[in-house]
Structure formats: structure tokens, C-alpha cells
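What follows is a structure written as C-alpha cells; I'll ask about it next.
Which chain is which? They are A, B and C, in the order written, and residues in each are numbered from 1.
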Amino acid sequence: MKRVLMICAIITVLTTVGIVWVLFSESYTFFQHVSIWDFLTDTKWSPVSTEKHFGILPLLSGTLLTTIISMAIAVPMGVTIAIYLSEYAPKKFRYYIKPMLEILASVPTVVYGFFALTVVTPFLQNYIPNLSGFNALSAGLVMGIMIIPMISSLSEDALYAVPKSLREGAYGMGSTRLQTSFQVILPAASSGIIVSIILAFARAVGETMIVTVAAGNMANLTADPRETVATITAFIVNMSTGDVPQDSIEYQTIFAAGVTLFVFTFILNSISFLIKKRFQEKYD
Amino acid sequence: MEKLSIKEKKLEAINLDVYYGQKQVLKNVNIAIKANTVTAFIGPSGCGKSTFLRTFNRMNDYVEGFRKEGDIIIDGKDIYQKMVRVEELRKKVGMVFQKPNPFPKTIFENVAYGLKIQGIKNKKLIEETVEKSLKQSALWDEVKDDLKKSALSLSGGQQQRLCIARALALEPSILLMDEPASALDPISTSKIEDLIWELKEKYTIVIVTHNMQQAGRISDNTAFFYMGDLVEYDETKTIFTNPKQERTQNYITGRFG
Amino acid sequence: MTNADKNRIKDKMFGYFGMACTFFGIFMLLIFLSDIVISGWQKVDFDFLSSFPSSRPKKAGIYPALIGTLWILGLTAIIALPIGIAAGVYFEEYAKKSKMANFLEINLANLAGVPSIIYGLLGLQIFVRTLNFGTSILSGACTLALLILPIIIVSTREALKAVPDSIRQASYGMGANTWQTIWHQVLPASSGGIITGIILAISRAIGETAPLIVIGAATYITYIPEDAMSNFTVLPMQIYDWVGMPETPDGDYKTISSAGIIVLLMITFLLNGIAVFLRNRWQKKVKW
């Protein structure tokens, strides 16, 4: 029996091997046509135009732009909510509010994309005249809302793990809840909170449907959140919906884009894993 | 035991009942504690002595379902009145806990913490207070060269003395100690006990302890609690040699608890 | 004003701010749900559920997408459940504190963080092309099964972890071997937690769009899938397709997208509701 179970566990390894193999083998063919140098430094991305460019920078900038906007919403809000729920709110309130926050994370992302496109963008256009119909801002903001519960719940776990005796020590010296939270509890839980932020960042980088629907599909090297951009993920989706012949260079671009995304998220996940491991050992 | 005049009463509980939800944990407790004495609360676990100690700096406020009737008077003022600022109260009534709980900061910052949260920025004043407090808690000689080190690198006994220094830095007039030596080895324990004896000159100390020998060694007066009742309160030597209540006698002689 | 007063005020302010933040997300969700309900509710009827998509929004329905979603749901569950639970049991009960276990652990943590679209690329190359399943329900289900595998494994492990060692030791003490102990004692004792995790994983799979687009699933299907090798579409893909459509004089795509979203959300919320309900009941009932 043990062997059967082990084979099932090994499927997880095979999945990783499969991902790495698929991404790298297809990209390998790609990089025989396009030099890695061009890929990393060319400032244009136009794989299907007549004048082809294969510079990943515009896609990376689009990805980072939407990600940073989302984090600007999700990190302060998520950490604040975590502190509020763990240090301020009554137990009962927490019991009822947490499942409601989880609903936010359970809504399919294509639905969030629809929300960004049909509600948030028209609303923002009232105040920001030059806002494109597809733009990084709406997509990033809505993505931020989606990610809030991820940060708040992981951070709350970290805050909750701080021994009660530290709280008592701080209160016993006349600290307010705010001082206790920010000067004692938060520093003690910092590694757990950093992990939650990194994981959320990785999630935002890999998020697909919101940006595909609401941020557009125009590879655009810009830092202006009002403009239409394309993220790595949006490019892959749009390329996949078109009719691209197999084994063409255009087809291989989605794997080259995919490998970039994978390396990016892999690094982020590894960092968070290492921090978590060290953090656990400290407390054991 | 002598009757205290109003002026002599540092701490006082009048007809105090405490409930956690439905459960009553203290029943009609009356006690008056004189300034610059050491008072020990003893009794079997779950008798309410820790809960009682924590009413003096309102540490029970955050416990869900906490409710009290009766009054706690410190320096002639009812500390549960609405206008009382609980943060101010706790600066005046310092507390040391069962398990040493230094903050994950440097030794210096631990002691300076109380001043900093009050918004005191005068560097010199802070440094002086840190040194003074560490000297008072008999830790200065051991750490004076390592003030920048993490407080967590200290031994358990040192950590507890650091926590005492941390409380003293606020210049309280009362020090509450909740089994401060129960997690420590005998040598550290005796250091803490010596310290308590010295601190008595400047502070009024109330200590909860499991250890009856300890209560006998360091306290002037002793209060024995049993199942939420204050059974007997008297001079320590009377309690240990000639208790008036049978329940006290039984506990002292180790027949239960 | 003294410093203490200032500190008190700051403390109060932060309390209100925290409460505001907590309600902000929920408030946005409400705005958004009401917007969708207002624009799509009147469209959700039997015709909508039983019609095929159409180039004329007024006549369009989600029948094939709904059936496709059910197919995908069923097949993904059939593939992912046994593998996920078995792997979870292996991780938690057998592979403890070895180098191999450590490696599996790191690998699992990383897999859980791989973006879903990457699974799409994997599925495209392996299931659609190498194994030649084509753009079929089977390819889609295999892809999504790999995607939710880490979720099932992690939640299974957590449920197993909650079973106290005393139960295992009692079973060993009666002469049971490891597998008998797991099968007769540990799994039944942790079933509530495992089922909760499974439902959450399935509801995640139902909402996934990107990997299915990448493997080439169609958005416009005019027949009902017959077997696992049929082409298919699913609800979120149908919605994605409609969201991208321009306005037509012949009716509004926003209405039918909203209607589709209402149906999709009802399914997800129902599954999540069941999961939360089971979790609370399980936590209440079992107090070790």
C-alpha cells in the first residue's frame, strides 16, 4: 500500500518536472531564433506583426505595473485588517467576518475582470479623463481587492502565533492597543507577514483573467497606470485564443513568456518558503 | 493584624465579586494593603488569586466575559471609574509575569520601551533611566556591555530581572508579581527574592506564589484564597504558625492543594 | 493635550480605520454583486439555462457551458481526489523527516504557488499534444486535476494532522499495522476536514478560465458533449467570451454576461457555503 501512496505523492514531482521540461524545451527552440539578449533588452514586443520584435520588457512592465497597483491596495489593507481582527475585534465579530472575507477570495477571477471592466473603469473615467477603456489602474485595483483576504488571513495567523505573554507585557506597561500592535506584536510576527506579502505578490504576478479582461492586450513599455498594457499572462491568453500554427515561432513565444513568468514566481515562492522554514525553526 | 487608617491604605478591595461569563471566580473579597510592604497571595491553582492580582491594574479588561462588582481603590481612588485612563493606571501599577516575557528587541530597548511609548524623546533621560532601572533590578553588572544585544539571548533568570527593570523604568509605586519565579531555577529564584526584599523600600509589592516557603521568606502579610474566597488575611508569621481557619491550616500543612 | 491623550486618540482612530478596511472589501463585493444582479437577474430563466449560445444575445444561453462545467467538475474530481488524498496520506503518515520528505515538501510548496496559466501550458503540451487527447474534456480535467492537486494534498494533511497521536497509538497497541491504522482510524476521524478541503478545491477548479483557454478549449459550442473526448466549453469561458464582445443593436452582452456570472457565482457560493458549514460542524463536533 505504501508504494501506491508514494506513487501518488511522486505525481507532484512529475508535475514539476513536466512544467520545467515543457517550458524549457519549447523555449529552447524559441531562443534558437531569438537571442536571450534581445529578449531581455528589446523594448518592443510584437511577435505577430510584420516587423517582429521579441522584447519581454513591455510585458514585464505591464505585469509589474498591475501588480504594484494591486499591492498598494492589498498590503496596507490586508495588514490593517489582520491587526484589527487579531488585536482589536471581539471574538464573535471575527468568527462571522472571516468567512465573509473568504468569499472575496472564492469569486472566480474572470468575474473580477468583468467587474473591473464594466464597473470600475467607467466609474474612474468620471474622475480621470484620459483613462483608457482598458487600463492598468482598474485591473490593479480590483486585483488588490481580490488579494486582500490572502494577506489578511496569512498575516493574522502570524500575529495570532505571537505568544500572549508578549501582549500582556506590553499592556502591563500601559501601552495602548495600537502601540502594542505596532511596536511589539508586528515586529515579532514580521517574518510571517513578509511571507504573506511575497506570496500575494507572486499571486498577483501570475493572475490572468482580471488583467486579460480589464487591462487590455497592448504590449506597452509604460509606467502610466491610465494606459492599456499587456501582462505576460494576458499575452499568453490572447495568443492562445488566436489561430497560431503549431511549432511556429509565434506559438513558441507563449512558452518563452511562460518560462519568464515561471522563473519569476518560482524565485518569489522559494524566498517565502525559506523565510517560513527559518521562522518555524526559531519558534520550535 | 492592625487596622489601617484611610491614609495608610495603598490598595484596597471592597466587596469585590468577579465573574467570567456565568462563572464567579471571586466572592466578596475585602482586603487592604499597606504601602511599602510585601503581600503574598497563596492558594491552590484556580482559587482566583491571579485574577484578583490582575484587577489592580485592570489586566482583566481584555478577557472576554469579565465582569466585576465592588470596588478597587488605589491611593484613595476607584480605578474602575470611567474617567480613569487604564494606560496611566498601568504605568503606576507595574506588573511582572509568570513567564519572563521580554520583547524581541535589544536589552536597552526593552527597558526604554515604557518611556518611548509615553513620547519621551530625551536621550539622556532615557539612558539614565535604563541604567538606574537595571541597577535596581541587579542586572546592570551582567549586561552593561551588552545593552545592544537581543533580550532573548539572556538566561531565564536574567530575562525575568530585565522584565522587572522594564517595569521599574516607569517608576511605578506598586509592583504586581504573578508567580515571578515559578519558571526559574533555584539560584535565579533566590536572586529574585533578594531583589523583592530590597524593592520593598520604595514600592508596594503584591506577589502571587505557589510556593509557600517563598511566601514565608519574603512577605510581610499573606492572604490565603480558596475557591474564590479570601479565607484568611494576616501577618505572614501568624498565617504560617497560628492560622485561625481550618482550611488555611490544612493548606499550609500540605493536606491539599 | 498630553501625550497619553494623543496615544488614546490614535488608538481609537486606528480601531475605526481597521473596521473600515475590514468592511471595504465586503462593501465592494456587495456593490459589485448588486450591479450584476440588477443587470442580469431577469435573464436567468429556464430558457437561458437550456439554450445554446447565439450570435444574438437575446437568444443566447449557457446550456453547453453548464453541461461542460458539470463534466469538468465530475472528471476532475474523479482524477484528483484519489491521487490527492493518497498523496496527502503519504506525506503526513509515511514520509516524515527524511531527505526525500524534505524534497517533496519544497516541491509541493512551489507547486502550490505556480500560476494557473502555467498549468495550462503543461496541459497543452502533455495532454493535448503529446498524449493526443486533443482539446477534450479529458485534457481539461487532467489539467485542472494537476492544478488542484496541491490544494487537496495540503488540506488532507491538515486534516490528518488534527487527529491526535493517541488514536494512532491505540490502534498500533491492538496490533494494527500502519495502513490498517490509517484506513480504519485516521481517515474516518479526519474525513470532515478532508471533504471540506476537497469541496474548496473543486470550487476553485470550476472558476478557472486561463488554463482551459490555453489548452484551446472552445468558447462557441453548439452541441452537448457526449463523452470525455468531446470538445467542450465551461461557464467562465463562456462569460469571458461574452465580456469581450462589442455592444450590438440586437441586445446587450452585459446582460447575458451578468446572467452567466450569477449562475457561476451561485455554484461557487453554494460549494463554499457547504464547505464552511462542514468545517464549522466538524470543528464543533470533534474536540480532542
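Simple rule for what comes next: a contact is a pair of C-beta atoms (placed from the backbone, for glycine too) under 8 Å apart; a residue touches a chain by one contact, two chains touch by 3 or more.
Note that the coordinates shown come from a computational prediction; the quantities given were computed from them, not determined experimentally.
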item: Chain contact graph, described as a line, ring, star, complete graph or other shape; value: complete
item: Best-connected chain pair, where connection means C-beta pairs in contact; value: A-C
item: Centre-most chain [mean C-alpha coordinates]; value: A
item: Centre distance in Å when chain A and chain C are each reduced to the mean of their C-alpha atoms; value: 17
item: Distance between the centres, which are taken as Cα means, of chain C and chain B, whole angstrom; value: 53
item: Computed distance of Cα centres, chain B from chain A, in Å; value: 49
item: Contacts with 2+ other chains: residues of chain A; value: 176, 179
item: For chain B, residues that touch 2 or more chains besides their own; value: 87-88, 117-118
item: Numbers and ranges of chain C residues touching at least 2 other chains; value: 7-8
item: Residue ranges of chain C in contact with chain A within the complex; value: 7-8, 10-11, 14-15, 17-19, 21-22, 24-26, 28-29, 31-32, 35-36, 82-84, 86-87, 89-91, 94-95, 104, 106-111, 113-122, 124-126, 129, 146, 149-150, 153, 178-179, 200, 203-204, 206-210, 213-214, 216, 219, 236, 239-240, 243-244, 254, 257-258, 261, 264-265, 268-269, 272, 276
item: Chain B residues touching chain A - in the complex, by the definition given at the top; value: 57, 59, 62, 64, 86-91, 94-95, 97, 99, 101-105, 113-114, 117-118, 163, 166-167, 170
item: Sites on chain B touched by chain C in the complex; value: 85, 87-88, 117-119
item: Contact set on chain A toward chain C in their complex; value: 1-2, 4-6, 8-9, 11-13, 15-16, 18-19, 22-23, 26, 77, 80-81, 83-85, 88-89, 97, 99-104, 106-111, 113-115, 117-119, 145, 148-149, 176-179, 181, 199, 202-203, 205-209, 212-213, 233, 236-237, 240-241, 246, 254-255, 258, 261-262, 265-266, 268-270, 272-273
item: Chain A residues touching chain B - in the complex, by the definition given at the top; value: 90-91, 163, 165-166, 168-176, 179, 183-184, 187-188
